[in-house]
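Okay, got some structures for you below.
Okay, so chain A shows up in both of these, paired with chain B first and chain C after.
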Partner chain A sequence: MTTLLRSAPSTKARTSTGVRGRPLLRTSYEQDLALANTPAKRRSMIGLIVASFVVPFLLTDDLLQVLTLGMISAVGAIGLNLVTGYAGQVSLGHAFFIGLGAYTGAVLGGDPDGSIVGYGLPIWVWLPAAGVVAAVAGLIVGPVAVRLRGLYLAIVTLGLVFLGDHVFREARSITGGPGVGRRGAQLEIFGIDFHAMEPIEGISRNQAQFLLALVFLIVFAILGRNIARSGVGRAFGAIRDRDVAAAVIGVDLTKYKIMAFAMSSFFAGVTGALYYAVIGVFEPGAFSLLLSIQYIAMVLIGGVATISGSIMGAMFIALLPRISQFIAAYIPGELLTVFQLEAILYGALIIVFLIFEPRGLYGIWLRIRNYWKGWPFSY
Partner chain B sequence: MSTPRTLPQHIRARAQQTPDRIAMREKDFGLWEEVTWAEYWDRSVLVGHALLALGVEVGDRVAIHSENRREWLYSDIGITAIRAATVGLYPTNPAPEVLHVLRDSGSCVLIAEDQEQVDKYLEIADELPDLRTVVYIDPRGIRGRYDHPALMFWDDFIALGEQHRAEHPDAVTERLEAATPEDLATLVYTSGTTGPPKGAMLTMANIEFVIGVLASGEAFVEPPAGDHDLIVSYLPLCHVAERLFTTWFNAAVGTQVNFAESIETVQQALREVQPTLLFGVPRIWEKIAAGVHIRMSGATWFKRKVYDFWMKRAAWIGRTLVENEGNHTIATRIVYAVGWLVLYRPLRERLGLAKVRYAASGAAPIAPEVLEFFMGIGVPMHEVYGMTENSAIATANRAGRVKVGTVGEPQIGAEVRIDEKTGEILTRHAGTFAGYWGRPEATAETIDEDGWLHTGDVGEWVDGTHVKITDRIKDIIITAGGKNISPSEIENSLKASPYIKEAIVIGDRRKYLTALIGIEMDTVGNWAQQRKIPFTTYRDLSEKPEVVELVQSIVDETNRKFASVETIKRFRLLPKELDHEEGELTATQKIKRSAIATVFADLIESMYSDEKSQVSA
Partner chain C sequence: MTTFFQAVLDGFAQGSIYALLALGFVMIYKATLVISFAQPALMVCGGLFAHHASRVWDIPFWPSLAIAVLCGAVLGMVVERLALRPMVGKPVFTLAIITIGVDIALRVLANRYMGADPRGVTYPNGGRRYEFLGLSISHQRLGLIAVTIVTVIALALFFRYAKTGLAMRATALSQETALAQGIRVGTMFALAWAIAGGLAAIAGTFVAATGAGIEQNTWIIALKALPAIIIGGLDSIPGAVVGGILVGLIESLTAVFQPDVAPWLGNNFALVAPYALMFLILLVKPYGLFGTKEVERV
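And then the complex of A and B:
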């Protein structure tokens, strides 16, 4: 009976008139949850994507490669942000999942005639497979997270990294062993070989790889955003804010914590496979604690629990060697090497952001946006 | 189907012609739920059936005591569809006033919104034997707690209507077709500044006249309003002005009505809906302007500078528009275009005025400064005039022919005359009300033998086309020196300041004018905070010497605009905010001068006391 007047409007088509240009007048929750819920967001998103496709034709090849790797790492950062930022489960084990993805991709998509095992399968197989293998590993780790919180979870996931590091070093038939390494998967899509000097007439290798990475990032960024804005994302947020309260309002902690790890690991897996396919040769030492910390830095510097923040953070970290080279030129004598400077910058940036801008680069952007959003008022 | 002759028939016609277009929206749980014309009519018919099931006869009165919401309109149309009359009550009415209206009108059914209104009824239930049923819309706090036999939940009421419709499918239609123009459609209770509220009887013919004027395309809005126009309904629907802008406009031309979640969220609703037509009483416009003032004073340095710079330009644009009857010159257009990019567009967007193509102020006099402020930022403001007794149709400023300080030209179909002897404004048209409910002698005083309505307002012609209102006849002050002074002009000039909420000029049969002034707590509080003046309550703030000084400076500024007999020699700040519950204001926030004169007698006398001692000395 109460449905008589309180109920939602019937499903029959109705002609709503005169509400165009009123983005705040919402008549359904779908509008509220939309990917780009304001015209300004929609316009700037389209503008940004179009601009990104023009970038490779404006920059030099060496810078393009840095950006390409940055964009691929961004997908991994989004993955880490899902589990650490959105769901609040601190994970130091990201390097392990990335390593799993990298070796799965390399084995399945590697050159069958090479010195180390490879099956030469197409990218359609090895890229998803890399994600799935990592996700399965995430499923196994997930239950641990159900029982542990905060620092304890961080320590346990840290253990994963050492475990992985050892296995990768010893499994020489797959990884080539330390100091030697192996080649990544072959990058061939629609018959275009992205390792060739000029994969498509008039487009250099770096330009082509940039575009490939851009498409890869767009697909996974939208996927990540969709996870974050759906019921799953809201469940993650509830767990992060207070897991007991989340359980009380009906969020299944076991299910969602495991899901968070599985999804995050999937993102890590595909990132690992593609990243090292682009790099070419890699060795087991790459998947150490340092890599995990790099990803944590991306998330913290970019912005916790935001997709665009993850991308900003990843690009920033990818460009950091360039920046430290630039700064090193001004540091006199033999005081510091570029690598030392880079390490110092990592540490300093993480500390500075945690203290002064906990919401990361995204927080800075948010502040700028709100300044104009409130115009001419301040509140 | 014949052409519609009554208000509910108009709704039915729209439901048949454009069943799927949007008639109204209401925000509920964060979403604007849309109601089509077909649903609007269907709900209204169910209300009609339910009332028939409750035994409501032709000519009976049914009261509605609710904030603006969809059910208000369903009820209004349902009631009139079965030839009963709607009696609206202000949601803020305290129980004794509710009792007066319900007893005076002899209502047999009351539709009360929620627990608050039901509680008021229960307080006075014993004195209302004629009131058989009380329908409550919002069950929170009522269902399962109250077991008064007269109470009925809205959904049960509608179910009753459905059952009745199944048994007598044509019952409402029969009544609808039998309606005559003389049928009483609604009782609108006047605000009662001078005595207990009187119920003005508006007939079907009166409303039909208004709908005709609105549908003619030559009333108020230019270009004419249509079904692409949105309005936000937020002022009390029992007042004739909001009824015109909400129900009658909606029926006449199909404007889409939007209801906020509650009265507190109107600002937010305005931002979301961005209405194209907006009606407000002066208090609302003053409050919006004061709100801008407060929020800007808290803005960052750069934003403040930009705002100050462009508001100076806006003031100039406003003045030029006032001089040009609301028309732009080339210079103002260019300045406005630049200012639009920098300030006016975002400012209007924040206020919910971005898409307003017609804004009107009425129901009380407004200070020209306030109109200028809005015209300067690009909101086309129009002062309009009308009253319950002439169905709110008298005069209006029209786009491009705005004379600030006047209430505009006579509306189409309306005769307006100014009595040569008394200066009283008289109107005559088919919308003139049928009389006061149960008060033939009061009716005879208001409508003369020739059908002219005596408005009780004194006015004059400006340039032979526009009417300027001086004041209410009863409010004109005659000083001890024999000079006639209109207090409202001085009061409005004072109230144009964002720091002043109320101003009451006193001086009838006195040697000089004085004023009681009430400060605006928000702005003055903000002002005091910025000057690090500590304060606790309204009274404490009013008593601060700095605040008295601030008000003094505003009074001085006003005094400069008036002749010396019209200057305010002394003033006192009110120690409390005036309140409807305590009988100092009417439901429409108008001041009851007689009540003020008794409540604050000491304060008033203190302004004249020294003089007496001087005289006696």
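And then the complex of A and C:
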């Protein structure tokens, strides 16, 4: 495990303790960009992963389900962060790509005996296919997006959500239509049915789904991190910081903007397929502007252009209904219902984070970390 | 043929609402370079102010409209002062997202006031219809078109001749230079939001007066002003009016003709037709019909 987290070194200098026992001394750029570039990061990452595998056996089922869905949407948030955070192309169209993925997954992996079309293919087919279909849609939208900048792009992608919403509502043979909906894909891996009450002896459905989502998240988080720290990620950053300057130093704007959209849509597609496979029944109204805003909120609250931030943001948004229930208990009388409180919290949290902590939860974590790093000195 | 012209006439009336909202968007965009996603909430609130004046206080329509405009303007200024002024100088995307937050929060309050029943505004002789060359238009819609025309002309005159209007144009052109000339840039921001709030309130009042009144999901209407401003060009006032009317026309024409001509597009395609039109126009003109092209400097 430890060697896996370090990027493949060939020089002798890269031992676990670094040069002459100084683990933070870097002698190459590759070392600096390694997945876990400090021993502390490496240890805490392994610790966190191990802890996450233990979590399902400690928590109650309803909380587990919330966390499961949070982890799956974290992958979508990472996707949005690639295009909006890293490449700086504001996209309000994420819901559309998630919807595409959800329906591709549901059609390919749906129950063949169900009332609505489904081919019952295995997860190895429908999950990647959902990503690919969404990515192709991203490729088609890309060229339009390349011509536009900033808020023009935001509004055009918003238009995409409305057009997609219309298509999903009208394509009744695939989506079941508004108010009716359809079932998502079947979740069966190695003959284990994740919708069964007890998929594996002694492990409940929610625990099994949690573990599945955890593996899914780890795979895509490492994938996202690798995209971000490779040449592609640096090209994205250059475009975000100043596209003219990026073009001057030789970044092909068209290519990389389209790539950003395609990659982000791929992440959105797989998220959509898996999310609604876990949820079960879903209807076309789910893919509205509100979903896009939720994802934007995940990115902004979590931390722009950070993978761990996207995960934190997604978990936070997933837990928000729980949090607002908790707060609602303290609000006297009939002042606000739980749903109204939740909606207000959305709005308020976005504003508060943007004003006071633009780097999001990740920024808060950085502050805590740096405080303890220098403790007992202030810096 | 009569069907066609009737559709055009209806589209023109509906387009007036979009034009008013689009004007508000452009007003804020020109002053602060922010697209305010809070307009839907401002429209709904404006409509509710008018409703409260008209139905609860039993004030006639036109004074209610005036009250709504005034309250809408104040609301716009409050939003600007509380949520946007502290953020001056931050990236415009951040500000745009903040307006989304404002929109969500305001709409929750509005929904809370509304409850489950639609909230209307009493319009005198609202049902009376005028016939002309086989076309028919209701008194309300005629009033709406008249109010829109008057508002647009008044705004144009204000920006052309009034000293404050000139100051606002200067601010839009260059904030620093305007500041150096002794213009209070902050006040101009507030004024832009006030005008946008007032315009949204007019739109909201007429939405409440015509048809079903204001309901929980009436705010979607205001989002159709977004394709309108993109079609017209983000920073163009004539563009906003033309874009708004175009969106109204395309919506009304698709509603009438699409079920026969292109039934494969599905029911209610008219609701999303403006977005399709926006895509088509952007493919040809990336900065809209009247927008200024961005000039890049290295």
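Note that the second predicted complex is superposed on the first by the 353 of 379 C-alpha atoms of A that agree within 3 Å, B and C clash if a C-alpha of one lies under 4 Å from a C-alpha of the other, contacts with A are read in each partner's own complex, and residues count from 1 in each chain.
Keep this in mind: a contact is a pair of C-beta atoms (placed from the backbone, for glycine too) under 8 Å apart; a residue touches a chain by one contact, two chains touch by 3 or more.
The shown structure was predicted, so the numbers you read here are calculated from the model rather than taken from an experiment.
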Dominant contact partner of chain A by residue count, chain C or chain B: C
Partner chain(s) touched by A:377 [first = chain B, second = chain C, both, neither]: first
Partner chain(s) touched by A:192 [first = chain B, second = chain C, both, neither]: neither
Partner chain in contact with A:169 - chain B first, chain C second, else both or neither: second
Which of chain B and chain C A:180 touches, first, second, both or neither: neither
Which of chain B and chain C A:151 touches, first, second, both or neither: second
Chain B versus chain C as contact partner of A:27, first or second or both or neither: first
Contacting residues of chain A [partner chain B, same complex]: 1-2, 4-6, 8-9, 12-19, 21-22, 24-29, 32, 374-379
Complex contacts: residues of chain C adjacent to chain A: 35, 83, 86-87, 90, 92-94, 96-98, 100-105, 107-108, 111-112, 223, 226-227, 229-230, 234, 265-269, 271-272, 275-276, 278-279, 282-283, 286-287, 294, 296-298
Touching residues (chain side chain A, partner chain C) in the complex: 90, 144, 147-152, 154-156, 158-160, 162-163, 165-167, 169-170, 244-245, 248, 289, 293, 296, 300, 336, 340, 343-344, 346-351, 354-355, 358
Chain A contact footprint on chain B (complex, rising order): 20-22, 25, 28, 30-36, 39, 43, 70-71, 154-156, 158-159, 227-230, 256, 271-274, 276, 295-296, 298-300, 303, 306-307, 343, 346-347, 350, 355
